[in-house]
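After this come two complexes, each holding chain A, first together with chain B and then together with chain C.
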Partner chain A sequence: MGCGVTKSNQLQLKPCDRGNISVPAMRAALLIQRWYRQYVARLEMRRRCTWNIFQSIEYSGQQDHIKLYNFFGYLMDHFSSANSQRNLVSQMFGESEVFQDAEWERRFCYKDIEVPDVYTGPHLSFPLSISNVTELVHAFKNKQVQSFLSKQQNSFMYMLQSQSFSSVSGSCRSECLSADVSPQKLHARYVLQLLGKTWTLLRLMPNISHVGTCRHKEITICGDLHGHLEDLLLIFYKNGFPSAETPYVFNGDFVDRGKESIEILLVLFAFLLLYPHNVHLNRGNHEDHIVNLRYGFTKEVLGKYQVHGKMILKLLQKIFSWLPLATVIDQKVLILHGGISDKTDLNVIAKLDRHRFVSALRPLKRKGASAMLKEAALSADGDEEFSAGRRRVQSLSHGTPLRLRQELPRHSVHSESGRTGRSVEEELRERRRLAGLSLSSDSDPAEVLETDADEWKQIVDVLWSDPMSQNGCVPNKVRGGGCYWGPDVTQEVLDRHKLQLLIRSHECKQEGYEFCHNGRVLTIFSASNYYDVGSNRGAYIRLGPDLIPHFKQFQASRSTRELTLRQSVGRTERSALQALRMQLFAHKSALIREFQEYDPQRTGLISVKHWAAAVEKVLRLALPWRVLRSQLVTSSTQDGTLNYHDWVNQLSVIQPNTEIANTSLLETLYKHHSNLESIFRMIDTDHSGLISFEEFRQTWKLLSSHLQTDISDKAISDLAESIDFNKDGSIDINEFMEAFRLVEHSRAEMEVLPSPE
Partner chain B sequence: MAPKKKEEPKPAAAPKPPEPEPPKEPEFNPAEVKLEFTAEQIEDFKDAFQLFDRTPTNEMKITYAQCGDLIRALGQNPTNAEVMHVLGKPKAEDMNVKMLDFDQFLPMHQHICKAKDRGTFEDFVEGLRVFDKEGNGTVMGAELRHVLATLGEKMKEDEVEQLMAGQEDANGCINYEAFVKHIMAG
Partner chain C sequence: MADKHNAETIITETQKRISSAFEVFDHESNKTVDVREIGTIIRSLGCFPSEADLHDIIAELEEEEPTGFVRYEKFLPTMTKILLERKFRPITEDLLLQAFEVLDQQKKGHLEPEELTRYLTQEGEPFTQEEMDEMLSAAVDPDKNVILYKDFVSMMTFDDTR
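For the complex of A and B:
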């Protein structure tokens, strides 16, 4: 054909047609294009909604966790050992186990652990060689392939629901339960040996690592991995293993949420031992045993290492506290996990004893004064009320006025600025005065206490903070720890330290990375499909001597590649909506009460506008409820009103797998099951996975104190009996949580719908 | 005798109209637009508007570039030309810089909503039938791709890919009724 480029010889437009394209064809093209653009825009809106849902639920869960933890701290600090609850908490924190390092080393010794002949996994010899480490990586990779099918069942929905990763499917669980000889799992002996060597090495490292790009070396920087081994392997595949030529910085949050946290740690530590000058690990907020109790790492280790899990976890606790806090490249680029605050001072950070801060959530224990330390550093906010007998609890539910939707943070944007004018020192003085503590009872001078508080705040800020768009620095209420810091703070802090760029992680980004603060802050996130398959890409940075970041993006998981954009948006959206429905279900009674506020005549109907306002108030999630309405409310709305009883009944399609008759207890149970599980795991100090009836009862008492609700003893005993599945007087934590995992029942399966209250 | 393959001279001089342009309208005047939305609808739009709002203090403003997307997300399907018209024909460099607030947005949206000729399912199918050479309910994927990328408000190659993903059968044909349903369901 003389004219025109044809894409294929099947094109039927003849040359002579090109001159006078028919009007219908033109119209048709336009029409299709218009519809396509609409389709894309709608997809984008759905994607954004979904993202908002996941992120709000995630952060609200974190906040919840910290509230619980603060409550424990409060018990510890304000009650004497005569109080049983305080004792319980004290026991949970394992504060009685204090030994010197030498003693710990003896306990962690791997030498007596025999490796049986049936073990076909990798054998490590120290000092490690490259082939050892490569063998280790390949072993884990093979296990990946084998468990691909069971991974398919791994959805964020489970994670959200349980908030501590109880989605281990049947087949996976049995895989884990087989003794420490399953083929691709590293034997406990080698694990302890590797970890021991890592601990030794880390103790030699400074708080802040200084690295140089020598002339032509490029440094690779990775963000959160969160147990996604597949992503780490993908990075190694694309970028090469760590080596002298390929130095790496891993910016924290290696564990929790994903199922292969321990494997990631082992691989990273192995490379660290192999190339101590070329592999740099920064601590993240999840390198913290308290956080691990809730978000799945503790459970993973105990599941995979039945016999030695406890020891491994203890050793990891040490290791986490010894992880460096930051890395600086060429004196110009600062890399740390969360962020900074207006008080951030690298000189202070460089000098402190980082290992004293075993958990960033728990301040150092000092007689009588730790309350003040905690109050001062964890989110000082002048607005919240406190009275002499009752310390302020980090909580939105006590006394803070309801804010309009516009003001609730959606993308970690905070609308108040600098409400607290007080410095840490002033806070301390105030607290001390209120507490009526005399200084003489405390042998340490005031300055030392303040130093502790200051140092602790430095660390919490580094591990937990998020950037915001406005100027200023305010407490990070959404997460419950650290700050929100603005572009002015970035400028001030970076200039003060003569730095040009801050690289941090901590927040999931759709493209795997995102700049803010005029390009001076860069977020890098390396766990792809974090919320669900197709939710986001992961990325890593290559940084050369010019210190200009270059990005590589990726997305793991075979199934993603096969899904079209629309399918992956649809899929993620379904998960998000399901998670949201579960949250709604958990707040059923409160929702009905709130709806009734708008319906004094009890007609059973409310306007859509009121529905949205009520749901927002009860759930405290800043989401576009009206936009979501069409998917959450499937019963018809006539002239803008809906029948809320019907709607709430629809939610009841989601039910736990159990036959508890007491529906209000059920609701409490579901609403707080993450807290419940956290407490269970803390109580289970010997990590057996079982707790006694008495411990169960105490857990409920503790929870009801925290929630300030009443749960009768009888209700608790009934509950305990009904869930004693093994009928042997103790309760299996996993089974318990499994029983309350919400699933959708078809209407046919349900005999009686709970009647609206 | 070899058939003469004579090309008709292309009417190169006459500008090929890329799309049936609406008759030259006067500039868009928001003040002249009568808002007919109900209060409920306006609340719904506000929610969606907020979703697109990326300003630091939730100022309820979006960029010009987002305006078209928002209108489409709310269920309309204007052409790019129509969107530019209600925006007052902004320059390309302004698109990501200039902002509009919710009150400015409403008349634009109303104008688009009122426009006739939105295109029904039948129109859409009719349009595609133009390319159905064999009259059997299918069009060649390749032809459709070519058309979408070269005619009208051209789509980029990756956009075309997106659209057509999974639609063609083994012979490269698309059943266009199914295709239309697929698009309109999104």
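For the complex of A and C:
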């Protein structure tokens, strides 16, 4: 190197000018730098692979959602007249209570709920005051501190010590630092009260909020939070609480996946009530009660509020449907959760009745007998087919009341249909009518249906779409709703509405934010460590009158702060690999069949090259299998072949909780267990966590006939019996799901790196 | 001929490795990667180029009018050549250890964090503050607040056997 100056070196060091550094020392430094950079690059490669794994699995999980959705459609088409099945279907879609709003308010009344003296959590009084809300936030924060202290972590404490909220008193701080603080949960009475007020407020809000910036007032925009309370608190710490000087937009997906979704909602709603003109909440696709069944929010609420959880969830269902759909800043910047399509029209969106669209996952009513037959034929496809454009997304529940109906406990479902004297067919017909806007007979039903479908599409596109790099607009098959839209659509839609920028969320980004479409679309994501510890940063945007976004990134890092890059990558990688092994296990039989294609002589051995090809074909996850190979195949013979039976068996072992002998049944169940869980929870209308034997059998029978899997009645009965552990004729859903938790086959195969915990 | 077959196999296998590594960063699946990821890709394939080396390679790969992206068709031949010629060979554990020993002028058996920082952020192809902090977080012994470079080198090169 000598005294030469390369064109790359920005710092032009001429070692011979420096009298105090020897050439060998300089060369040594260079070597170390060169080596270290290579090391970091290899880590970065691993991190990227890990990321791809999580993303692929997440998207393939969403394809499960499509299957669920198709299953519901199948049910609508194919319910039989057999009594048992009919009741099951009507029970599943038992969202048939069509009360007046006033009636609902009476039912959600919190006034009869007493708060016991032993309750040490915050007491709310309405109208809310700033100190009340601050107290609420600190109560939840203390819960975090409590769990940290019990793990003897101190990085979060460090953060708390240096916070500078003007409204925080000294006593609050010392409270945070004391180890005697008990976990704080807001009492159900206050929850219902707060939610009730929120519902009232939201009903006054338009579908699209219009906000203006002004000098000295920047707007803060946050993306998906997904139950990561820590991230929300971090944002408040860095950026300040919402206030008249610090307005915020929260762009949807507040719940699911993370464990503190209800706390996030309560905090956001509290600030909304305090500053209704300065806090803006946009609906996300996870603000949807059926999605919540699958992704954890329902479970969380029922776990935390055992007595009133159901009521809370019901009220939240209303609230979600009343959340506004978009926010526009200075008439130039559009903020919404998912995205747009070529058909997006803000004028249509502004005028529709947003609360009619309760959930994206409800099948559409049939347009007529012939259409019904045609669609029935289509839905007989195997679960691998996602029929294009068939979007059964209209909700069957309706804001306008029809008539009052008593809500009945689960077991009297038989008497329910008896009492009202209505078959499921009649029920469906009624819902079809309901789903049409107008109840008068002179409106053309076909016309009404079309408007509905159009409005429906507007909303689903806004909540579920993703950008793509190619031009055009195609249905988003991965998510099962919304579109993939291209840069040309961005240009057309933004220009048509005279907008300059679209800010959206919905997709996790490694740096917390990402531009695309020539800088006209910006994705913002605020849940750090979304896939796992160390997977990504979160970010938020500050927007001033110049409408140029400024980014602040963060990473909630209780433990990652302690970890080196190497260790955090290693950790995330381990969980990604474990998730991947589970996926592989779920496809065990198909994999073996595919391996055997390459092994006609049945030696049991195949080359690693063929292994990669087979895995890619079966799993259909777009992953760099060759790069991952060294992680997933730990034992290969010298000549690069492996014994695939051994490999498959080593993948995972089902926890031996059940006596299920039939392993192919187990495998099938495992593959569909998330959908099964969603369906079970829908059946379990009183949220007791139990379903009857019979219901289990019926459900499985329906699902298996839809999937066209070959499982005999006897096998299912045996399975149900073996799962009914306490032999009382009912199955505990959680226990059933526990049976599918896979354990690692051998810890010895894992890395020998020191565990940071 | 056996030799020819072997050579072909080697080339094919090499190209598959290159293609896999490239794929990982080809986010849009359109056979291009951001030019800023090229260094990572090359290094992840086992090469140890210096920053200067990388700049030369990138200059070669970029179009007349740089788009900020590198296409696979251009990358593949360049990278194949690099791998087959075994350019930018790995730095062995011994060599690395020697480098640290050179910096340890007083032969203490360890380095002070400030010492190492001075060398690595001011000499050669200097580290950014971020790079330096990251290395220190792994290298500094938390009790003694020094860098026991012998242990450090063994620990880091153990990963190489993965």
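The rule we apply is simple: the second predicted complex is superposed on the first by the 564 of 757 C-alpha atoms of A that agree within 3 Å, B and C clash if a C-alpha of one lies under 4 Å from a C-alpha of the other, contacts with A are read in each partner's own complex, and residues count from 1 in each chain.
Methods note: a contact is a pair of C-beta atoms (placed from the backbone, for glycine too) under 8 Å apart; a residue touches a chain by one contact, two chains touch by 3 or more.
As the structure is a computational prediction, the values presented were derived from the model and not from experiment.
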Touched partner set for A:307, first chain B, second chain C, both or neither: neither
Touched partner set for A:608, first chain B, second chain C, both or neither: first
More chain A residues in contact - chain B or chain C: B
Which of chain B and chain C A:38 touches, first, second, both or neither: both
Touching partner for A:23 - first (chain B), second (chain C), both, neither: first
Partner chain(s) touched by A:548 [first = chain B, second = chain C, both, neither]: neither
Set of chain A residues, in rising order, touched by both chain B and chain C: 6-8, 11, 13, 15, 21, 24-42, 44-45, 48-49, 52, 469, 564-566, 624, 626-627
Footprint of chain B on chain A - complex, ascending: 2-3, 6-8, 10-13, 15-16, 18-45, 48-49, 52, 405-407, 410-411, 413, 415, 468-470, 564-566, 608-609, 612, 624-627, 640
Residues of chain C that touch chain A when the two form their complex: 16-17, 20-21, 23-25, 28-30, 39-44, 47-52, 54-56, 90-91, 95-96, 98-100, 102-103, 105, 119-120, 122-127, 131, 134-135, 137-138, 156, 159, 162
Contacting residues of chain A [partner chain C, same complex]: 1, 6-9, 11, 13, 15, 21, 24-42, 44-45, 48-49, 52, 469, 564-566, 622, 624, 626-627, 630, 751
Chain A partner contacts - residues on chain B that touch it in the complex: 5, 7-11, 16-17, 19-20, 40, 43-44, 46-48, 50-52, 54-58, 60, 68-73, 75-80, 119, 123-124, 126-128, 130-131, 133, 140, 142-148, 151-155, 159, 162-163, 165-166, 172, 183-184, 186
